[in-house]
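These are the structures, in structure tokens.
Okay, so subunit A shows up in both of these, paired with subunit B first and subunit C after.
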Partner chain A sequence: MKRYLPLFCLALLAVVPLVGLNSYLMHILILFVMWSVIGMSWNLLGGYCGQVSFGHAAFFGVGAYTAGILYTKTGLSAWWGLPLSIVAVTLVALVMGFIVLRLRGPYFALATLAIGEVLRVTAENLTNLTNGDVGIMIQERTWVEKIWYYYIILAVAAITFYLVRAVIQSKLGYYFVAIREDQDAAESLGINTTLYKTIALTLSAAITGMAGAFYTNYMGYIDPKVVFALHDISIVAIMVVMVGGVATFWGPVVGSIIMILMAEMIRSVPMLGTAHQTFFGALLIFIIIFLPNGIVGDFKKLRRLVGLGRPS
Partner chain B sequence: MTAPQIEVFLQTLIAGFLLGGLYALIGIGMTLIMGVMKIINLAHGELMMVSMYIAYWLFTLFGLDPYLSVFVATPVMFFIGVGLQKFLITPVLKVDSILPENQVILTVGIGMVLSSLAMLFFKSDYRSTPVSYATSAWYLGDYWKGSPIELSLSVPWTVSFVFALAITAGLWFFLTKTDTGKSVRATSQDPQAALMMGVNVDRMRMLTFGLGSALVGAAGCLFIPIYYLYPSLGGQFTLIAFVITIIGGLGSTAGAIIGGIILGVFESMTATYIGMGWAPVGRFAVFVAALIFLPGGVASLARKRKLGK
Partner chain C sequence: MLDVKNISMFFGGLAALSNVSFSVVEGEILALIGPNGAGKTTLFNVVNGFYKPSHGDIFFNGTRISNIKTHRICRLGIARTFQVVRPLQRMSVLDNVIASAFMRAADKKRAEEIAMDILQFTGLYDDRNVISKGLPLGKRKRLEIARALATQPTMLLLDESFAGLNPSELNESIDIIRKIKAKGITMMIIEHHMKVIMAISDRIIVLNYGQKIAEGTPLEIGRNPQVIEAYLGEATNA
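Showing the complex of A and B:
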């Protein structure tokens, strides 16, 4: 049963839109799948390899801008941004890795945060290329119906899920976990930690970049404050994983459901709309103190907390 | 260089130096917390924002001068810091989890709550305290009649700088001359050994977090006469504090002062010669250069010299 769970979920998600959901529900579904993709990619680097990145907005933004600039400067369809963003983001990740991977733990976290912010400022100031704060608008939408966007991001999500699982179950995955648990010990066992950290960073970045390119196509408008946002992209990427479960296959998916539902629920209350980060922050504090491994990771503990657990 | 060019250069240097003194105060707070607890406080800038709001409301409601509110806001921030450490961070230190960075992510959560609460209560308006001396300055020409170049020294910037120096000196005295200060430094060097020597490590941690918050709180009060205030201002100051600690050397107080001044001068140079909007990029360039060429910060240079003898 457990073997077929991913296939079952995929089939279920593929059938859901056929019942005829309205545009708003489709939007939520698309956001949920997109955030699952970003969460899974963050989990690969942060959860398995132990490199907590606060700068995934950098990759998301570069991917989004690859698609956007392609559209405005060359007149190609922004969909070419999906494959091309992999190239662009990989380059960015390699340069970034050269700088930040020499740092460890919290210092790595802050350095990635700084890079995300710097890319935002750069995008704001390079007005010739990015239109600055005006942003990039995709004039003609490919489809009016949201269902095609949904299937595209669902395909990306399915590939990501299987890719992450394949990587983690291969030798590479064991190297990642070894680096997370003790980098010096891993190094002394002959693991080239810099190489494997770079691989984890690049893979994770490329997937996030693809999500960013999808975002450009789907939303039809990007500007630096949105796609390079610290709190609304980088931190939410962390939260999706922290809430769902660090270093679990299903954690990002569960976390994404919870985060998107929570964001939409708070947004629908008129007075609290601007305060959604208060709740995000409070949830983050709560999760870290009581369920440090997330809902999936601490599922047994959670069941015991609500009194459903069998005595073991 | 012609006389006007020299004038611009010197003026930029002075502005950078004054800014650097204030940056140092922010950096010291962070480096103290980092040294003693080995965690990065990512809510540092947000704590400064809270203290700036305290100063702002004291000024608006009671007409209290921002420089006097240092004496009110700093103790308040001290207790906020102690409370954060006691009720949020200490429990997390005991929790077992896969990622050791949990405490850092926790401070992010604290920062998010603080900045969005400020947004909720005070809206995202830009605020400032219109003090009477905001634009007054001392001019070189007034004191030296036949001076070939004209330089000015802004009054609020200079007063803030002097305050920052005084607070730094007081902190230095506390850390090196008092028993409590020595206990703080012992905890920073080796918590286990300090514990065996009878230092109450938990209390020292609380005290340190309080001190770090108080320092950044004081910096907030000193910043408000010369800066404007909005709820999301914290993030950039957290980054500044972090860059300073990297330049200065992690956990080094003297390094943080030098790092603050280097960063201040560099930023003001970037703003004058490249463009206002690029200042954050310049900040980052210093950061990367420090990481690549001087990984231990300024503090490591001093150490090397000592070993070489």
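Showing the complex of A and C:
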């Protein structure tokens, strides 16, 4: 049963839109799948390899702008941005990795945060390339119906899920976890920690970048404040994984459902709508205190907390 | 096999090692003893590549290793354990050993085979599914050895692998060391337990304040007045 769970979920998600959801619900569904992708990619670097990034907006933004600039400057379809963003973001990740991967722990986190912000300011000011704060608008949408966007991001999510699982169960996965647990010990066991951290960063970045390119195509409009956002991208990427479960296959998926639903619900409450980040903060504190391994990682504990589990 | 030539290591103004030279012969067990702070672990860190020596060179089978990175030194065949045990905590015992076996294994199946062999060899087979965090100290020390062995070294550096063991664990560990020696693996051992040192080592080097003060067989070292004064103590209070 457990073996077929991913396939079952995929089939379920593929069938859901066929019952005829309205445009708003499709939007929620698309956001949920997109955030699962970003969460899974963040988890690869932050959860398994232990390199906590506060700057995944950098990759998301570069991916988004790869698609956007491709469209405005060459007239090609922004969909080419999906494969091309992998190339662009990989380059960014390699340069960034060279600088930040020599730092450890909180210093690494702060450096990634800084780079995300640097890229945002850069995108705001490189007006020739990015149109600055005016942003980039995709004039003609590929489809009016949301369902095709949904299937595209669902395919990306399925590939990401299986890719992450294959990586984690291979030599790479063992090395990533070894580096997370003790970098010096890993190094003395013959693991080239710099190389493997770079691999984790690049893989993670490339997937997030692809999600960014998808975002450009789907939303039809990007500007630096949106796609390089610290709060709405970098922090949410961390939240999705923390809430769902760090270093678990299903954690980012579960975390993404909760974060998206919560954001939408709070947004619809009058007066409180703009304060959704306050609630995210409160949720994060709750998770860290009561479920440090997230909902998936501490599932048994969660059942006990709500009084469902049998006493063990 | 290993040639340490005029190694000095300064931390600020402090000489943790000054002008230390010695060689390790293939197949032997060389013990490193000396009071706390004598520079024993620093010496391991220099051999292992964690520190670059301030002066001097180290050669391993003729290759200069004093300027290359730790993971490459490991690939050349030098593995080590840590004085303060550093298992990969949230991994099972088996996964710990698999992770290090991957260095020479072509695929996961092979890495698992190597790991299983080594767990049998070190008597940790029954604990293979335990998360390493939960192991008692004696077994964690042995896991350190198992993990180092999984990289299939020709030379093993053991940093106080016997400290804090109870008598029966001590005997088990001595057995394992003898079995490792029988496999032809050369060892350098840091140890305070004189009974163990005298029983298993072929030669002993004594460090004090970062300097080598004596080198010789266990018998010679036991009689050396300088060593007795610096470390062993007089026979009457031993």
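We take it that the second predicted complex is superposed on the first by the 312 of 312 C-alpha atoms of A that agree within 3 Å, B and C clash if a C-alpha of one lies under 4 Å from a C-alpha of the other, contacts with A are read in each partner's own complex, and residues count from 1 in each chain.
Operating definition for what follows: contacts are C-beta pairs under 8 Å (C-beta built on N, C-alpha and C of every residue); 3 or more make two chains touch, one makes a residue touch a chain.
Please read these numbers as outputs of a predicted model, since none were measured by experiment.
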Let me test your reading of the model: by the given contact rule, A:83 touches which partner, first (subunit B), second (subunit C), both or neither? neither
Would you mind checking which one, subunit B or subunit C, touches more residues on subunit A? B
Of the residues on subunit A, which ones does subunit B touch that subunit C also touches? none
Under the definition above, what is the set of subunit A residues touching subunit B in their complex? 46-47, 50, 52, 54, 99, 102-103, 105-107, 109-111, 113-115, 117-118, 121-122, 124-125, 180, 230-231, 235, 238, 242, 246-247, 274-278, 280-282, 284-285, 288-289, 292-293, 297
Sort out for me which residues of subunit C touch subunit A in the complex. 48, 50, 69-72, 74-75, 79-80, 82, 86-91, 95, 98-100, 102-103, 108, 111, 147-148, 150-151
Across the complex, what residues on subunit B touch subunit A? 39-40, 42, 88, 91-92, 95-102, 104-106, 108-113, 115-117, 119-120, 235-236, 239, 242-243, 246, 250, 275, 277-278, 280-281, 284, 287-288, 291-292, 295
With touch defined as at the start, can you tell me which subunit A residues reach subunit C in the complex? 169-171, 174-175, 177-178, 181-182, 184-193
